[in-house]
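Below, chain A partners chain B and then partners chain C, in two separate complexes.
Presenting the complex of A and B:
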């Protein structure tokens, strides 16, 4: 048991990256093997992650020291599976496996696409498991590169431009992070998160130039992640990337890439710097919550005025990640749990919404809000699932969106930051503003009868035009049900994270 | 005594299951409506089966964590609990749903409405969440159902799918989610935080406790400002649905919904859930004692109880809404403002904190429900049969719909608080209550009496015009808009009718905006015996449009509303009498039994509650609730006490 569990963190990362080559190799002989390879791999990864989660539940955190090279200073590279990272790894593997149900007929196709897909999954798992700040940079880059490739696989010049935009801004973000890591290394001489987590409070107590370095490191890291997580005003790559990526790719990117980056930010803030450093540094929490709060307001406002549905959802992500960053900045246990739950909940909901947008685009030929008119009577199941997901996004209980919002709101009240609490409560109305727009179009606006400018089945990558398979619709419905069902897991999430949070906050 | 039981959950789930069955049987209208009726009967049966136990002091509860081991949120359980207050609301909503489901079938079929499956499904879901609100055992549970209720009633408001309905739907969503998702959630979070920081073990106390949550009282002593903020947030959250000014304007707009919705939901289930929530907050979250003792510092006045601003707002609302109602020509809008006023009776009675006032307020929940449902059913029946929506078009309609308009008269008398009808009993108790408190509270008694008079002023003209005026001779409505003494007018252009030498009747219509298709079929279902093809009649400023042929008149007008649903007219103005005046009908032939039987039963109910309130269960329940809140064995112990004395009883 323990031997296998200790091996798993490494396998979870190595297996998808190695298997990413298989579709290309097989592609020399067979045409369509990519999907099968990806399906088998992601399912196996999910099973392995579930096993690892069970092990973590029983024995606490599982640490894998790469190469068995455990130096006393702890310079050895570690992969850590604890309550926090396993939860994110589960989200990654489940989503990766589930979205395949869409891409089988919804596209994109081609063996190289699935190579990129597996590479992305490997990078994301690495990012969630790593216990080393430099390795985190490596995995950030793997994720980034795989994402560029996936966005660019959409055809047409917009995809290329969107990918280029993300390439430039994403690399900038990763570079900022790397500079921050450099400062950290200068100040402490360590890269291992545990070692850093012990060293930093001492430096903070001693003060001096090392403390200045630490503060600079935090600033660079935070800005780097703000870019990766797409916080206002550094969000400008995200709407283009989400809108122009192929329909089958957007769910994965939207549900996972920003989510895992936000997870990494949380890991750095709470495991490396620690709550004492965050609260002791003047203006730090104030800046973090302000960035988040402004993103909530700006993201929702921009979402309301969008005409393209995918773009609207993209701006919605800006605002929802704003809530998560706010929760990080509140530095209370409840808010932190809220942030984690919202990471998971938002991931599931957004994956579902983008799958829904894809299903509607393929089956109904609608891409703008206006074209969604009459969807409910023509595509009742797709419309119903999208409606449920939107309701979950607004945070109407019972749903995944509600429990996250509840803990974040309680956290804000506990921190007695009233303006932030007001923003959190108002975020419901802001989310409602753009969600209700779509709901009203789908259910209470009769179809105009005018042919949409987009012909049905713009599966430009060669997907069968107009064909919505059972898998595509099925995964949409399942996601909607999961988004509602998670609404009953508020207590379970809190309990699951209890060992982690009580260690961090005490 | 509490007892674990599946019954509260079953009562909530019955109509949720019915919703699924309704959607599944969308091809068979009779089966579909059958499910509504079956669910309504089952629901009432389940609720009523708990009544004897509850009256003997048993509280039935169902808890998610005890039953399934699932904790909804950390430290918060999902609890459904049938206590006396919850039973009052649940009995009312489930009882009235039985008759509304018949009426709704008659109404929707009579108008040949579109999307009936969605309508009945959303209706069943609304009842499910309303019962959920009634049986919620703590603030988070009530929040869940409150939000869900907003959500599932939205399809009913936006039902018509035209611009007016969509705009009303947007307004509805904005108001109700501001109330629920912002105010109520914020208030709940504050109470959570207050109680968990006051409790030595760090546990939150959100479960309702008769007479107020004890831990909250301790926390409020330590941090009064936050407790006050929580109180007003909770009251504002529920006040949105209770349509307390200035949060009331969604209600009148929501009247674009089909009449069964306006009747059961926007006079009973939805709006009462707001008033019921206010009752929960005042009686079982904060408790009258804490509310009275938590002084609010008002500059230049000094310290006043937390309840006083709420009472002032409610008193203002019930007066202002009554005055606005007098100016409304659209019957359903007039009734909507009447609802706004009547709901504030409940809020006012509760916020006066005196046992008698609370008793009156609680009894007003069923009393108003029976009366207002009668009124809405009548308005709907008139709409189905004659397509008449405006009071100014109803002169002489008593001939056409004698039973309906008689029931309307009963409902109107109940609203005004006439003796022998339900509304009298509740208003009587509230007057005693406000009198017993003394001090400046006389002003609330004055508001109650003034509003009673205003009620007569805006509802009596409807009855008067129906029975005592005729198509060719009546006063222009609304009365308030025209010169004192009234302005004589006639629906017919012929000079021979204007025997008094009145002016030409072409300016009589207050709502003529943009009606160029006026000449379309009128008087649905009324066979007209016109033998003069050249007969002309005028109903508005454009007489040139009004040469109508026989064919137009025999057309039964159903199609016309249906098409109307999709055009963007602001003003569906197809009512009024047919060219030959209202045809005379007997009470049995004026409409279908699906509509007439429910009207008769609900009107009878309103009279029963007024004549023998002691034998209808609601007054017993209300008394029992007040006894629980003040912690006395019998209501007699509270008799003749002033507010301060009554509140001392709680502390003992």
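Presenting the complex of A and C:
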């Protein structure tokens, strides 16, 4: 058991990346094998992650040292599965497997798409489990490249432009991160997170030029991640990317790409720099909290004035990730747990909402808020699920959105940062505003007789128009139920993360 | 696990709430029986569960939650509410209450019991809000007049509940714990804990003040309680106000002299307005306020005897006030008449109801031998400084005046309903279930007042009193309700009242045939009207403004593009292009996009700022 568990972190990353070639190879002979390969792979990955989670639950963290490369220098390559990373890996594998239920008929199709899909999953799993800061950059780039390709697979020139914008800005963000890692290496001579986590407090105690290097490193890394996580005003790639990506791709990138980047930011802030460094450095927590709080307000305000539903959800992500960054900046255990819960909860909710947007676009031909009029009477299940997900997004208990926000709010109160409590309240109000617009259109505005200006959905490579399969609708409904069901799991999350948080916060 | 330990798992509110759900689905007899049984079991749990905090756990991330807390106080509350509740359900059963009403009533009782057993402020405030909700539903359920009164009731309790919620939040912010008895330490408190001094205390007293009907905050009480089904009134009369009085003691354990005088004022104000009523239940409702005045006074005085007297009066009040509502309910049930001047001579028609009513009346007026005599005596002793401690002569006389008024109004109520000529109608007496309920509760009132039999039981139940002894300001003191002095006071009281009623009966009855407010205080009427007009006008203005704001927000929400354009047009130096969509509808998107170059510029600026801040 333990041998297998120790192998799993490496397998989880290598398997999808290697298998990504299979659809292309098979594609030489068969037309449509990509979906099957992706389905089998993601399901197996999910099973393996669940097994790994069970092992972590029993024995604590599982470390896989690659290539037997030396411990003492602190530059060896490690993969770490602990409570925090396994949780994110579970989210990644579950979402990746679930969204396939949509893409089966909803598109996009083609073997190359599924190659990109598996590459993305491999990169995300690597990003979750990497134990050293340089490989984090490598996986960040793998994730980025796969994402650019998948966004560009949308039809029309706008997708290409959006992908290009993301490519340039995303690479810029990753470079910022790499510069930060360079400074870290200069100051400590180590890349391994554990070694860094022990070295940094000593350097902070000694002061001097190394401390300045550390602070510069933090500045570059934070700004790099602020772009990757789409914090205002560096978010500009994200609404375009989400809006113009194919409907089947948006759920994956919205639920996973920024989420795993935000997870990586949390990992760096808490495992590498550590709470002591964060609180001891002047202005540091203030900067983090300010960037997050401004994103919360700007993101939700921008969401309120959008007409395109997917774009509205995209701006909503800017605001929700702002909340997570705020929680990181509070540096309390409760707020940190709140951030993790909100990462997971928001991932599930947003995946569901974008699947919903796809289902409605394909089946009802509606893409703007106005066109959602009368959805409830025409498509009761889709409308009901979207309504449930919106309620979860607002954070009305019991729902996944509520517990995350609640813990973050409690953390803000514990840290006695009352303005943050007000920001959380305002964000709830603004979320209510844009959600209510959509709810009102779906449930209380009768459908207009005029035909929709948009043609009912045409799948990328000419699938049946207007067909919503049972799988597409089913996964939407299941996601909505999960989003509500997670609302009862607040205590469970707290206990699950207890070993990790108690170590980080001593 | 022994049987006693098992009791710590039996969370009373949950039992009662389960019964509330079952009442809906079971046959009527079975459902009501189960409801009564669940409440009887609450009495058992309250009596036998071991002391301490049970079922502690985490709620919404707060660790020290004690939903099921047993000490002398919660024990007494549990016994009182459970005992009365049992018979109130039986009474409701034979009073043709519907299953839905019983379900609402039981849910309401469950929340009140939950508030009584709470061991920390968070659970308390949670139950407090549910109690407001369920009692409103109980009122609304009756329909008709009750609906509008229910709205006003909900509004009052919404305000009170919010104040209480803010008080608890502020308390937590100040002391960092919700648990009773922790974090706060008042020097002269009769029990440990309380709400933190300053803003939290002020908010809590105001919030609780709504529920215990401080003068000025009381209007919901006589407004609401007379309107619903008469069996619903029995429930309403017992639970909200009494639970709140108990919570007031928890919140203000060291007393406050202003609070004490508010109690005295309530006693006098309540009886004066009770005397002027001719709706029987409205009269009883004003008496709730008056009786609460005694409890608030006892708590406000802040001595052991005061607090013990307040709690004793609370216990007795639960019993006799509900008994009175039951008896009056039977009269209403049989005669379909609410106005006491339109009744009379019912003594011959319904002797059992009359006996039950007079047991309640003798208890509330504190005649020796009945339960009210002991507890009211304790509060009066606390005010007069009988057992040492400060003397509050003015307060004593206020309370004494209240006692006279109580006498007068119950002589009035009893006289006009049961005597006063011959009855012009033939009605039957109470139904067996109603009789059982009335005499069970009435029996308790009598037994608890008897010197040799009930008195030890009563003092055992009372918190702060050990046997008949308690810790006074000058060492141990022994309670002696049947002393010469007390009996003398009582005799004087009865004599004054009997003579007084003779004198005021005529003017009072004349007064009552017209609208009392018009004759008693025309100024009040005009003042009220003026205030109403000003309020209405202000309301209309505010309403119009709010509607405008909401409408514009709604428009902005629905036409964000046009709104942004309109805002941009008002700015100088901004050139807004007309961009209409080809189909003549709304413009589809806003052109607020940031290009790649601008984003890189922003990134550089942000990085510079962060670096500058961190490295300087």
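Here are some notes:
Criterion: the second predicted complex is superposed on the first by the 500 of 506 C-alpha atoms of A that agree within 3 Å, B and C clash if a C-alpha of one lies under 4 Å from a C-alpha of the other, contacts with A are read in each partner's own complex, and residues count from 1 in each chain.
Convention: contacts are C-beta pairs under 8 Å (C-beta built on N, C-alpha and C of every residue); 3 or more make two chains touch, one makes a residue touch a chain.
Everything numeric in this text was worked out from a predicted model, so none of it was measured.
Once the complexes are laid over each other on chain A, chain B and chain C cannot both fit and instead clash.
Within the superposed three-chain arrangement, the count of touched residues of chain A is higher for C, of the candidates chain B and chain C. With both structures placed on the common chain, the touch criterion links A:290 to neither chain B nor chain C.
Contacts of A:176 after superposition on the shared chain: chain C is touched, whereas chain B is not.
In the superposition on chain A, A:410 makes contact with both chain B and chain C. By the touch criterion defined above, A:491 reaches both chain B and chain C.
Contacts of chain A with chain B, set against its contacts with chain C after fitting on chain A, overlap at residues 334, 406-407, 410, 413, 490-491, 494. Touching chain B in their complex are the following residues of chain A: 334, 337, 391, 394-398, 403, 406-407, 409-410, 413-414, 421, 425-426, 428-429, 432, 436, 440, 443-446, 488-492, 494-495. By the touch criterion given at the top, residues 64-65, 70-76, 78, 143-144, 147-148, 151, 155, 158, 161, 165-166, 169-170, 173-174, 177-178, 181-182, 185-186, 189-190, 192-193, 566 of chain B touch chain A in their complex.
By the touch criterion given at the top, residues 165, 168-169, 172-173, 176, 212, 215-216, 218-220, 222-223, 226-227, 233-234, 236-237, 240, 281-284, 287, 291, 302, 304-308, 311, 334, 368, 370, 406-407, 410, 413, 433-434, 437, 453, 490-491, 494 of chain A touch chain C in their complex.
Across the complex, chain C meets chain A through its residues 58, 60-61, 173, 556-558, 560-561, 563-564, 583, 585-586, 588-590, 592-596, 598-600, 602-603, 606-607, 610-611, 613-615.
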